[in-house]
Structures are given as structure tokens and as C-alpha cells.
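The letters A, B, C and D name the chains in turn, as written, and every chain counts its residues from 1.
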Amino acid sequence: MNRLAVELPGLSLKNPIMPASGCFGFGKEYGNLYDLSELGAIMIKATTLKSRFGNPTPRVAETAAGMLNAIGLQNPGLDKVLAEELPRLEQYDVPIIANVAGSEVEDYVQVAEHISKARNVHALELNISCPNVKCGGIAFGTDPVLAGELTAAVKAVSSVPVYVKLSPNVADITVIAKAVEAAGADGITMINTLVGMRLDRKTGRPVIANKTGGLSGPAVKPVAIRMIYEVSRAVDIPIIGMGGVSDTGDVIDFLSAGASAVAVGTANFVNPFVCPEIIRELPAVLDELGVDHITELIGRSHAL
Amino acid sequence: MNRLAVELPGLSLKNPIMPASGCFGFGKEYGNLYDLSELGAIMIKATTLKSRFGNPTPRVAETAAGMLNAIGLQNPGLDKVLAEELPRLEQYDVPIIANVAGSEVEDYVQVAEHISKARNVHALELNISCPNVKCGGIAFGTDPVLAGELTAAVKAVSSVPVYVKLSPNVADITVIAKAVEAAGADGITMINTLVGMRLDRKTGRPVIANKTGGLSGPAVKPVAIRMIYEVSRAVDIPIIGMGGVSDTGDVIDFLSAGASAVAVGTANFVNPFVCPEIIRELPAVLDELGVDHITELIGRSHAL
Amino acid sequence: MILQEQMTIQSIREVADRIYEMVLEGNLVNEISAPGQFVHIRVNDTYEPLLRRPISIASFDRDSGRMTLLFRAEGRGTGLLAQKAPGSAVNVLGPLGNGFSPDQSEPGSTALLIGGGIGVPPLYQLSKELTARGVHCIHVLGFQSASAVFYEKEFAALGETRIVTADGTAGEQGFVTDSLRRNPVDFSAYYTCGPTPMLQAIQAAYPDKQGFLSFEQRMGCGIGACFACVCKTQDSDTRPYVKVCSDGPVFPAGVVAI
Amino acid sequence: MILQEQMTIQSIREVADRIYEMVLEGNLVNEISAPGQFVHIRVNDTYEPLLRRPISIASFDRDSGRMTLLFRAEGRGTGLLAQKAPGSAVNVLGPLGNGFSPDQSEPGSTALLIGGGIGVPPLYQLSKELTARGVHCIHVLGFQSASAVFYEKEFAALGETRIVTADGTAGEQGFVTDSLRRNPVDFSAYYTCGPTPMLQAIQAAYPDKQGFLSFEQRMGCGIGACFACVCKTQDSDTRPYVKVCSDGPVFPAGVVAI
């Protein structure tokens, strides 16, 4: 028995650990450091219909136990991702979750339709929560009606299960979660980044050229845990949790909060080997906790 | 000329530094450590009509560069605050900002009416953003209509200017800010805490008895800075900024973002002398920045 | 008076499995007024860990300006504290709280001192002061297992000392209350510090004795301002709550609702 | 191959005002392939500071397994790095990026090496390699003021070395470009590293020369995955952008749009 295996819609994960979208590119660079087949899955960088250059630099800034980014969904566009990035990832025994972004419903639909047909794409992650682009993205993620409509439109064309990535920049995240569940989402991924800003001490001006950026890293973990706890009680579809996961203990916390699998973002920049290290450490932690199978940890926080 | 003096509605501050509500009690304990007359002002602990015991313990938990609290507005109630706490503070040459909380509009109104008549209370801080009590508090802070109605009701009875304390747990904080401005608020204080959760590693259960708590400290600073930046562009009333302020550099950042004065919360627990230390360091920092008067720093981030 | 001071580490050594003894020197020692007071330690000057850690004063000596702490390297904060080198400085806030009053025991009387795990340290200074007053001290000290036992000799030098371990690898097997049930002792007042269930059991076992209990609670400020560390009281009409940091950590039996 | 290694600090010393020279030993040195590559350093194992810091390799020696870094204690991260003690370990990721190619200069030719401030370090290894190839090196090194000047002797040992300071407290007064305008030099290729305005001025000053520029950019991953460090290119049709960390930090003149 594989004590780490987790079954989710479209995804037979050998372990519940995967790099988060935007923090791992299309796997090429990390693939030079370790065997990507070790991973449970890979969430690739957001893909849009046309290639995007993204925002001006500086695009990142450090904050206390966190970082801000405003990459602005830079990516080579659907055609190149289909022609180059996804085929290169076929050498690994690892399911790909394709992060889909756009400005209009129609953009999302077109990307979803085509990318969901790629051989190694086992699920889509609908990015309705990117805070760093002017149109689209977060607008869908803060309005339950728009979020539901977009989900339904993408579900209608996707060949694989659809996960919707939620924004934490809302008053009540369960409202959005229920809306996308009702619209047919197969799962939820959360959280995307909190909108933040850092100023230059000397000039007083924003450090990031885009002014605001998305806050990620250990600083946001308490918010992520709380929201996953709330959403996992509000919906019946599974959650892939993220937001500050940096070590094996964090993975335990996210599963306990109610996530069924866990994505690692910013921590890849701090320690590029963090994902395989966590995967190797997990069995010993299960022993310590007296747990046979990792799925027993899911939702422990809800026990009365 | 006092290079640190700031004039705000109801408040002639000798410097823009004050302890944040709930992080300084009613000044008694810190008054044993240093002379409270050094402070620009004091925001006292939330006062409710009746005394409150608050939430069960544990009430605090540490997080990466932050902490969670769920005190639950414990306070001795309006009568005791008027009879004991406020008179004791009269020995100091420092304006008091009274933090007013309640469950119903009527509670707020009663507390506001009476406490605003106390000799040393120069302004009210309407707490519509406490995440740690079941009724009231945050409910008002996430609904612009309720927030406006409450503000107007309190303004109608208050003998001193009314500042409204905003919650960061919203999708668009400018909407609430504009609503309370329109309802007659004299100023805004922000941000209160972000709702978060920490789980016990062994049991998977929430560490805090109340389950969720309010996240404060350096971790939330980028969110506070961003929101102050946004609100200071959206309204014409002044802002007292807070959220992670721990040193003199942070004060510069908050003023640059658009705050006219700055409150220090969690940092008092880390260094009980942090407020007077910052006040003493500020003139040298103004020199370094080549600034004559501290008010020149306000809103620097908005420059094009 | 409460000071915030950069105290110098005179020595640090592991006295039992993950239990460290740290000797600190500074002016703060002059301000200590009673055994059972504690200090609030900032383990480094970064934001991680952010909060201070409360640690009891295990013993102190005004002449040398030194005090001893005994702590378990438990989580992140105490783990970092254990790695400090002699000669380096630690940011200490204290002395805090109200400790035990050795005056409560008459010279010639017998005091029972019951400690559990990292609740043992403050009893050491207390026993020294009681013994100096001519009070006869009996120590019953509970630990998880032999590897966790510390300061056995130090306590034995002051009076009868029973070691009790949960797994029986040292001294008697069981909890301190088991030992006291098996072999009762005669005493006039008890003083105890340890995990809450232990305090509860002891208070229940000696309803008629004068007793003093030292409590633990998660803390924010450590000085009474933040209301993090409150406990409900048994007589809630006269005094609805107490704060462990500033009203305690030591309370007479019957005050705190446990 | 890129390694993540706990490298041992052999020595650390302040060579100018807030400029530190740190010698590190480890296997990573075997992987260095060119002058101008950099490493990405995690200054401690807490979350504060969170991100790694990019620092150029100033020189290295495969035989001893050692490399030298020169960095300015600027903010929080480099400030902590400067406090490290010899014998302790630092978490280093590298070698990263593509450096300068000494092969681009023929033996016997003259190379102009222009450095500004903390852009000076990578030029040292470059000059060593060029000189070893028989290339004649002229160094023009710009600093804020006399107190910030470092490695003047080391560069002078390799070839003609001009020091230029903004305030004139050492060498010539002005910027490196002022110096080169006042006293032009004859050379076949230039190599430069420093603040972007300096790179811009140099590229503009020598439009017809072969040149290689090393760029700085705020970084996340340091290995090409996060798109934090992109720059627009001059010929955006064939290649819309480059990443400083993995495509650079060194680019031939005319590639990056500055």
C-alpha cells in the first residue's frame, strides 16, 4: 500500500505534494535539479490564449516572512505551451494540472478546450484570482455570479476535471466556493495571493513597478488555513491547499484544515528541493502521528 | 517648531505615534514602564456597554512574523472605564481615543454618547471590525450600508470626532471607507486584524479556543500598506494607520502610504518600550530623509 | 520594577534530555522579589519567532547578580534559546508576576513542594528560601522518564526528595499524586507548579490544606495589558477573572477555577 | 550542475566600508564554469529574511575548492551575512547563470573592464582569466568615495587600474564614463558590471565595440522558473525577453533593451 497516495477527480496522485502554479515555470528548470516523477503532480504556470510579457520590473519584493509578486501572467501562450512545454513534460510520470487564465470568458474557454486535450494534462486549474492583471483574473474571483458562469462555461468544453482557484481577497470565501461548486467545479484550489504593497524607504514609492503585488509565503499561512477550514465545511468537492507551505509540518496542517492535497509555491525559491524533501519525510511523520495513511489526516481540525 | 506634531480632527498630537487598541489595555501596565505623556495619543481597549469576559483560552497563538488573537473584547464595561480607567489616565498629558464596540447599534450609541463626554477622550474609534465576537463587530465592517448607518448613529450622539476602524477582511475596502466618510466619519483607522487560524501539529485541532483569531504583526504589513494606499486615494478624511508597525522605518512606510498618524499594536508585546523608542528616533530619520516636518511624508507613495 | 535588559549568558548546559540550565547576569536580578516570578524572553531580534517566551526564575543570587533558568527545548523559541553561546546576550523582560511567599510557612513547619516536568524549576528557589527560614521541605518531583530528570541532587541537598516517573525508569512509577497516595506525607502547606491536570489533582487531594499553585497560560504581553492569559475564578462575583502574568502565576488554592 | 550546499566560511573580513570579503569552501566550486556567474544565498534558516540573495562569484580556485564573494552589507540579508563567523556554514545555491567568456578576447589584445561599486567583484575573476590568456587588461573602477574602494591592489597586480570616485576622495573625480571621456583608452572588447545607468552610458559610448554587460534584477528563484527577473530585449521579434538569472546575468551589448 502506498501510504501517500491520494485520489482526486482526474488525478491519481502518488503523493499529495505538487508545486504551485507560477512558482515552477513549466518544470524545465527544476527538472534539471531532480526527477520530476517524484512529484504528486505539477501545476504549471498560467497559460493564456496569446503570449504575454507581463508587468514591468521590479516584479518581486520581500516582506516579513513573505514576498510580493506581480509577474503579470507572463507566459508563451497556448500554442507554445501545447507545442513545447507540455510535450517536454511527457518524459516524466507525473500528471499536469494546467492553470488557465484570461481576460474574457471566451479566452478561458478557448485555452481550456485545447489544453485539456493535451495527453498529460489531467486537470485544469481555473485562475480566477490573479491580482496582478488589469482585466480578468481577480474580477471573476470576487463575484460569485461571474465565478459560477465562468466555471460552467469552462466545464462545458473541458475534457478533464476543472478545479477553480480562489482568491483570499474576499469577505466570505465560502460564497465563491459554493458558487463554483454549484456551477460544476470538480475541486477547489486555494489560496491565491493576498494583495499587498511594499514601499521604498527612501523614496516612499512602491517597490514593485505594478505598485501592488500578491503576498505569498509563510506570512499568509494562517489566512490560508482558516479559509480552507471554512471552505472544506461548506462544499463537498475536494480542495488542493496552498499558501505558505514550507515544510512537512505545514503539509500536515493543510491536510488537517481540510485540504486533500497540498501545493508548494514560494518555498521552491527558498529551497529548490523542498518538494522532494517533503515527500521523503512524510512517511516518518505519519509514523509519529500514528497514522497509517495520509488521507486519515484530512479534515482533522473539524473533529469536535 | 515641533517637527513631529500632527493635527487631526479632535487630536492635537505632539507626535503621530500611539499604541493600538487592545494592545495596551487602559495604559496602566505600560504606565509603570515609561511616562505615557511621551505618546502622541493612546487608543484604549475596546469598551462595551456591559463588562465582558471574552473568549475561552488559549486566546493567542504565534504565526510566522505574526500572531493570532481571540481575546473577544474582554473589558470591564462602560461604567468602570468611566469611573476608574479614564480618570487614572488623566494624570498624563495625552489625548485618549476610546475604542467603542458592541453587538447592536444601540450598544455602540450608548457607549459612544457617554464615553465621548469623558474629559480626556478626544476622539472615538468605532470598532466595526473585531473578528473575534459572534455578534456585531465585523458584521458592520463588511457591509457598507450597515457601516454607514452605524457611523451616522454614533456621530449623532458623540461629543468628539469619530474615527471608524476598518476590517481588512473585505474584497474592496474603499467601498466601506467611502460609506463611512459619507455617513460623517471624521477619520479612519485601519487595519484591524485579518482572520486566521493555527492548528496544533499533533492533534490537528485549532490552537485558539475560539478556533479562528485575528492575525496581526509584521506579516500583515504589506496588506495594511496596500489598503491605506487605496483608501487614502479614495477618501478625504485622515487615516490613522496600523498593522505590523514595529520600528521607525515602518512608521515612515505607513505615512508614505497615506496615513497621517500611526498606531503600534503587537510590537508592544515584543518590545514594551517600542513607542517611546520610535518617537525618540523619528527626528534623526527625518534628517536622513531630508524632511523638515513629518507631515511632508504623508502620502509620498502617491506621487507620480 | 520591570526591566528590559540585554542579560549576559554566563553558562548554558544540558542538564537532562533537552532540558537546559542557563545562567544569566544583569541588573534585573536586583528586582526579583519572590521565588516563582518569571521572565519573558525574546530569543532573537528578528520577527521569527515573534513573541517572547515566559520562563520561570529557577534561582537567583543578588550578590553575584545572577539568575538561573531551566527550560525545555520544546519548539522554535526555546530551541533557538538552547543554541545560544556563553558570553552572548539575551533580551529579558522581568521580573514578572507574583511568586510564592515563603513567609506563609512558619519556621519548623513542613512544606510539601510538588513539581511536574518543566514546572519543577521555580520550586528550587522556593525550597532554598523555605529551608533558609527553617521550614522543612519535602519535594515530590514528577517527570516523564529517567532521561528527563534534572536537579535531583540539588533538591536532595535541601530536603527529602522523591522522584516519580511516568514510565518508572527512575524513582517511583506513576504520577506525583500516585506517589503521594501510596506514601502520604504530613505537611502544613503545599506549593506546586506543573501541568494543569496535575494542579487540579493536587488541589482536589488536599482540600483542607493551605496551598499555592503556579499556573501556565499562553501569553502575549506578559505584563497584564493584553488579556491573553486570563483564567476564570472560583468566586466570580467578587473577581470575575485573574491574569496569570500579572496577578499570578502563583495563586492560593481555591482562587482559579480549574 | 547547480548544487545547493552548506558551504563552510573559511574567512570573512571587511575590506572597505561595509564591503565584506567572504571565502567559502565546498563542492559547488567544481561546478563553476565562467567568471560572472553568481550564487544565490540563504542567509539563515528562518523565514526572515525569506528570499535568497544573489551575489557574484568574485574569484574561485578549483584546487582548493574555494571561492571568494565580495558584498556590501546593505539591507537585512547581507547585513546578517556580514555577521557570520568563520567555520560556520552558509546555504549556497549555484553556480547560477551564464558569465563572461574570456575566449571572446584574443591573446595579445586589450580588454577594458569597467566596474561600478558592488559590480566590481565579478571583474576580478574575469581579469585573472583574461590575463592568464595573455589578454592585456585595463580596469576602470568606480566607487562612491575613498572609504568604499576595495581590491585596488588586487586589480593593479593584473593590469593598469584607474580608480574613480564620485566625490573625488580617491583617484579621479566623477563617474567611470567621465574618466574614459577625459582619458580615452584603446581596446578591442569591453566587459562591464554595475548599476544600470552606468551600463547604459557605456553601451552608448562604445556602439561599435564588442561588449559584454552584466545586469542586476530583483530575483525570486534565481534559476529561471519564476519570471521575476526578465528584461525586454532590443530585438523583441526574435526573442521578446531574457531572464537575468538564467539567460544572463551577462549579455552581449545590444541584447537587452536598456
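Just so it is clear, a contact is a pair of C-beta atoms (placed from the backbone, for glycine too) under 8 Å apart; a residue touches a chain by one contact, two chains touch by 3 or more.
Predicted model only: the values in this text are computed from it and were never measured.
**Q** From the C-alpha centres, identify the chain that is farthest from chain A.
**A** Looking at centroid distances, C is the chain farthest away.
**Q** Measure off the straight-line distance from the CA centroid of chain A to the CA centroid of chain C, and report it in whole Å.
**A** Taking the mean C-alpha position of each chain, the two centres sit 46 Å apart.
**Q** Could you tell me the distance, in whole angstrom, between the mean C-alpha positions of chain C and chain D?
**A** 55
**Q** How many angstrom lie between the centres of chain A and chain B, each centre taken as the mean Cα position?
**A** 34
**Q** Please list all residues of chain A that touch 2 or more other chains.
**A** In chain A, the residues touching two or more other chains are 63-66, 217-219.
**Q** Could you list the positions in chain C whose residues touch two or more of the other chains?
**A** Where chain C meets two or more other chains at a single residue, that happens at 47-48.
**Q** In graph terms, nodes being chains and edges touches, is this line, ring, star, complete or other?
**A** complete
**Q** Can you check the complex and tell me which residues of chain A touch chain B?
**A** 63-66, 68, 142, 169-172, 194-199, 201-206, 211-213, 215, 217-223, 225-226, 229, 244, 249, 252-253, 256-257, 289, 297, 300-301, 303
**Q** Could you pull out which chain B residues touch chain C in their complex?
**A** Against chain C, the touching part of chain B is residues 22-25, 28-30, 32-33, 45, 51, 53-54, 57-67, 69, 71, 74, 217-219, 246, 266, 268-273.
**Q** Give the list of chain A residues in touch with chain C in this complex.
**A** 64-65
**Q** Chain A touches which residues of chain D in the complex?
**A** On the chain D side, the touching residues are 1-2, 4, 42, 47-52, 93, 217-232, 240-241, 246.
**Q** Any idea which chain C residues touch chain A in the complex?
**A** 47-48
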